[in-house]
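These notes open a run of structures that come right after.
One chain, subunit A, links the two complexes that follow: it is found with subunit B in the first and with subunit C in the second.
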Partner chain A sequence: MKIALKLAWRNLTGAGLRTWLNVLVLSFSFVVIIWLKGIMTGWDHQAKTDMTQWEIGGGQYWHESYDPYDPFTLAGSHAKLPSQLENAMKAGDLTGLLLTQGAIFPEGRMMSVVIKGLDPGQSILKLPSRKLGTTASAIPAIIGNMMAKHSKLKAGDYVTLRWRNANGTFDATDVLITDIFSSNVPAVDAGQIYIPLATLQEVMLLPDEISLIVLRDKTDGWNEIPGWKYKSKAELTKQVDEMIKTKSAGQTVLYFILLLLAMLAIFDTQVLSIFRRQKEIGTYVALGYTKQQVVGLFTVEGSMHAVLAALLSAAYGLPFLAWQAKAGWTMPVDTSEFGMAIAQTLYPVYSAGLVIGTVLTVTITTAIVSYLPARKIARMNPTDALRGKLQ
Partner chain B sequence: METQTIISVKEMYKRFPMGKTEFTALENLNLDFAQGEFTGLIGPSGSGKTTLLNILGSLDVPTLGEANVLGKSIGKLNTHEAAMLRRESLGFIFQSYNLLAVHTVFENVEFPLLLLKIPSQERRKMVQEALEWVGLSDKIRSKPPQLSGGQCQRVAIARAMVKKPKLVLADEPTANLDAANSHHILKTMLTLNQELKTTFIFATHDEKVISYLNRKIYLLDGRVDKDEVVTHNK
Partner chain C sequence: MIRKFTKSALLLLLLALAEIATAQDGAAILEKVDANMSSDNRIFESSMTIHTKRGSRTITSKSWSEGNNKSFTEYLSPAAEKGTKMLKLEKQLWIYSPSTDRTIQLSGHMLRQSVMGSDLSYEDMMDDRKLNEIYSSEIKGQEKIGDRNTFVLLLTAKVEDAAYYTQKIWVDAERFVPLKQELYAKSGKLLKRMEMSNVIQVQGRWFPATVIYKDMLKQGDGTEFKITSIKFNQTIPPHLFTKASLKQ
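What follows is the complex of A and B.
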């Protein structure tokens, strides 16, 4: 093996440009695969962090009738804070939200919205709820960027808000947009308007009633409560995981193409080598190598491309990947329309497993691709090989 | 002085398939070679010189009969044993040198010693000694494409001789060389033959080579036509 490594190194360095072109292509695959995987992991990480901070906290309790995909359930899905959670509420470990259907009338148009009553003093969600604590002539309200864009509202604007209270009576008032927040989580932005919880409870004639309870992150010991459905953080982020998995599957095609390109270069070099270096193969055999050892030598030679590529990748890829992790990758298009939790700038996250896994995958694949054409050597007649007579 | 027989060929045939029939390259050969011979297998193209050399070098096997080289029956060796025989006891010199183009002169000559797992320091000494025999000590770092044909063949001789094998098989070693280089190469090989008692067997039809031989075996259509021992002072 030591001799094979030594000879392979001499053969590769001696082959000059051909070797370095292959190594460059292969190293490009290394870097791109790690970068793309890093982006996916970063996105996953970022999406979960954003969702945790903006929407789901450390988990939620839903009123048993609440179904986020069915707005008609909102009217009946509310109840008082269960007594089991009163202490946690006092400790500030949870906050309640009341949800109802409604409509706003910006510039005379009607837009359906979900009105969310939010405690201005809460600190569990990143929503700028303190802006709901301002005293003004109208009810203070906050909306997200996407909502502001679609409704053409801006901070300081008044807009008419209409709802239907617990008795089924329509009511309306002007609200003042006190802040427009920027979030990567569409679920807290699109079609949502936030007003103070107490105000919404009052106008809805639902004193102290809430639809869902958001728990502070990194708290535990939450149990099932009758009348409420406990949703863990993992359960609430499951969709993101599934979406990332789907995206990852799509990207696997790209990895496959990249690997295929690199492997094609290696395979081509190996096939060419075996035809062009017949005399050399015959010479190795004449000097005392067995044919299997020559197969081994060619396989090591091919595999060594991957080792050199890994070193080259480390040389230019590490600085690039480190810079990307710091500066991030800014998407060329507006991501707010994507309908999923995605930031405008994604910061790739690399793990040791990702780097080692990629290096191992590419190296093993290269070894296999190098071995396949090299097997032909075992079938060569050394006397024909010496004369370069094989076709 | 009694000389030891190192190669014994008895009733040997070599046939190659040719379509549905067979071509007989060697027919009923009976030959013995003693240690220290400087012998040539002489004959026109297709006479079976290279085929016999390949069998003696354990690169090929006889179809029938026996070829015993250094106590090993070539037909009965498995691929590993054949490789070991070549690695330990045989040296090859080819018409077109067959040097490893991307390796330096030193690395080319070092190669057989690497296979024998000789320690680095000893290896270096042996390579330098071999290159001194062929007068190429100053070309140690050159690569084959930077050398003339004569220099390349001298490197090939150094590579064949570096492990001091018992037997060197040379297939048309002067075919690509001019007269001056041919004589230089042959004198070098003759010196090594006399000093190291290495047996040389050539496959040739070059008159220059023939003039140096002390035994000439003429082959014609795969059979021994004439086998003569010559004494001369070169």
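What follows is the complex of A and C.
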């Protein structure tokens, strides 16, 4: 094996530019695959972290009628806090939100919104709820960046908010935008306005009623509460997993093309080597190598491209990947309109499993591609090979 | 001392009686308004002109309605809206679009959207209960609108599910038709204003043929709703108020 490695190294370095071109293409595949997979992992990590911090907390309880995809359910989705959760509420381990539909009229334009009643004292979600505690001449309200952009509202602006209370009676008042928050989670921003929970409960004629409960952490034994549906963090982030799965599947095509290019180069190199080095093959056999040992020799030689590519990737890829992990990749298009939890700048996350997995996949693929043309050696006539006769 | 007390009690009694009398008068006026405005059924053709910042557009339609819970409307023009049909049964509303040949049901917040960009929401069109059933009324005074004397009535919801908690209504003192109506939110904010004109007499009842609706929270000059022909208490085939009639 040692001789095989030595011979492979000598032959590869002897081939000069051809080897280094192959290695370069292969190393490019290494870096791109690791980087793209890192971006996906980073997005997954960022989306779930942002969703946890801004929207879902450590899990949620939904009123049994509540369906976030069906706004018609909002009117009937409210109940008092279940008694089982009262102590947790007092301890600040959960917070309740009341949801209802309404409309705002910025500059006389009507915009449908979901009005969310949020406890100003809550600390589970990153929403700047303390800004709802400020006393003002009008009801204080907060909105997200995207909502502010669409409604052309700024902090300090007054806007008329209209809703219908639990009995269906219209009510309207001016609210003061006390803060505009910036979040990567559209589910807490687009088409939404937050006002103090107690105020919304009062004007909706729904004292102490809430539509959903956000937990700080999952606590065992809370699963079954009549009238409420428990939604685990994993369930609430399922759509991120599905999105990333879809995106990863799309990226696999790119990986395949990159690897195909590199493997074609290696395959060609192997075919050419076997064609041009028939005398050498014959000599190996004459010196006592079995045909399988010669096949092994050529396979090692081909596979060594992957090893060299890994080393080359480390040389230029490590600084690049490290820089990307720090600086991130800023997407050239505005991501706020994507409708999913995605930051404008994604920071790739590389795990040991990702790096080892990629290196192993590429190396094994290279070994297989190197072996395939080398099988021809086993069918060669050693005498003819020694004479350099074309076979 | 006793005489003083008796005087005060009498005064209070008179004030209370006057209050009751005013309320009763208010109710009586409202009843006359309802008698003019409500009917067992009606068939009318109308045009709705929507004034926006970018200009105005007119939509014509023909409607059949029965009581408070059944109505059917077919849009006649412009070409883009022609053939669109709307069916209201109880609290449900279906719209048929001929371009897609599909019927959609509106409910929830969609009912709060404006009808064809006008100042009327689908809900506004759907809620046509008698005023006397929903509101208690109080005469607040008399005013002149144009050359007509009107009673100014303050209506306060007496049922829980009234869309507007209070209304101010100017009723023609002679013909008992509303000439102006203001709809308020529970907070007291003015939400909508209606101005009625062109009062005509049809089948013995007075009816305002033109209504200008204005959503006070929105920009724009409002929506002008003109009735070009109206007939009360006609025979309407029952099958008209079925979903099947939308596609016919």
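Keep this in mind: the second predicted complex is superposed on the first by the 384 of 391 C-alpha atoms of A that agree within 3 Å, B and C clash if a C-alpha of one lies under 4 Å from a C-alpha of the other, contacts with A are read in each partner's own complex, and residues count from 1 in each chain.
Here, a residue touches a chain if its C-beta (ideal position, glycine included) is under 8 Å from a C-beta of that chain, and two chains touch if they have at least 3 such contacts.
Keep in mind that what you see is a predicted model, and the values were worked out from it rather than measured.
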item	value
Partners on subunit A (subunit B, subunit C) - clash or fit	fit
Which superposed partner A:P382 touches (first subunit B, second subunit C, both, neither)	first
First, second, both or neither for A:N87, with subunit B first and subunit C second	neither
Which superposed partner A:T283 touches (first subunit B, second subunit C, both, neither)	first
Which of subunit B and subunit C A:T160 touches, first, second, both or neither	second
Inter-centroid angle subunit B-subunit A-subunit C after superposition on A [Cα, multiple of 10°]	150
Which of subunit B and subunit C A:A15 touches, first, second, both or neither	first
Subunit B versus subunit C as contact partner of A:S137, first or second or both or neither	neither
CA minimum distance (subunit B, subunit C), superposed complexes, angstrom	75
On subunit A, the residue positions that both subunit B and subunit C contact, one per complex	none
For the subunit A and subunit C complex, residues of the former touching the latter	71-72, 74-75, 101, 103, 105, 107-110, 112, 160, 162, 164-165, 167-173, 203
Contact footprint of subunit B on subunit A as seen in their complex	3, 6-7, 10-11, 13-15, 279-280, 282-283, 285-293, 381-383, 386
Complex interface listing, subunit B residues touching subunit A	50, 54, 57, 59-60, 79-80, 83-84, 86-88, 92, 94, 96, 98, 100-103, 107, 111-112, 114-117, 143, 159
Contact set on subunit C toward subunit A in their complex	107-109, 112-114, 157, 160-165, 183, 185-187, 189, 191, 215, 217-220
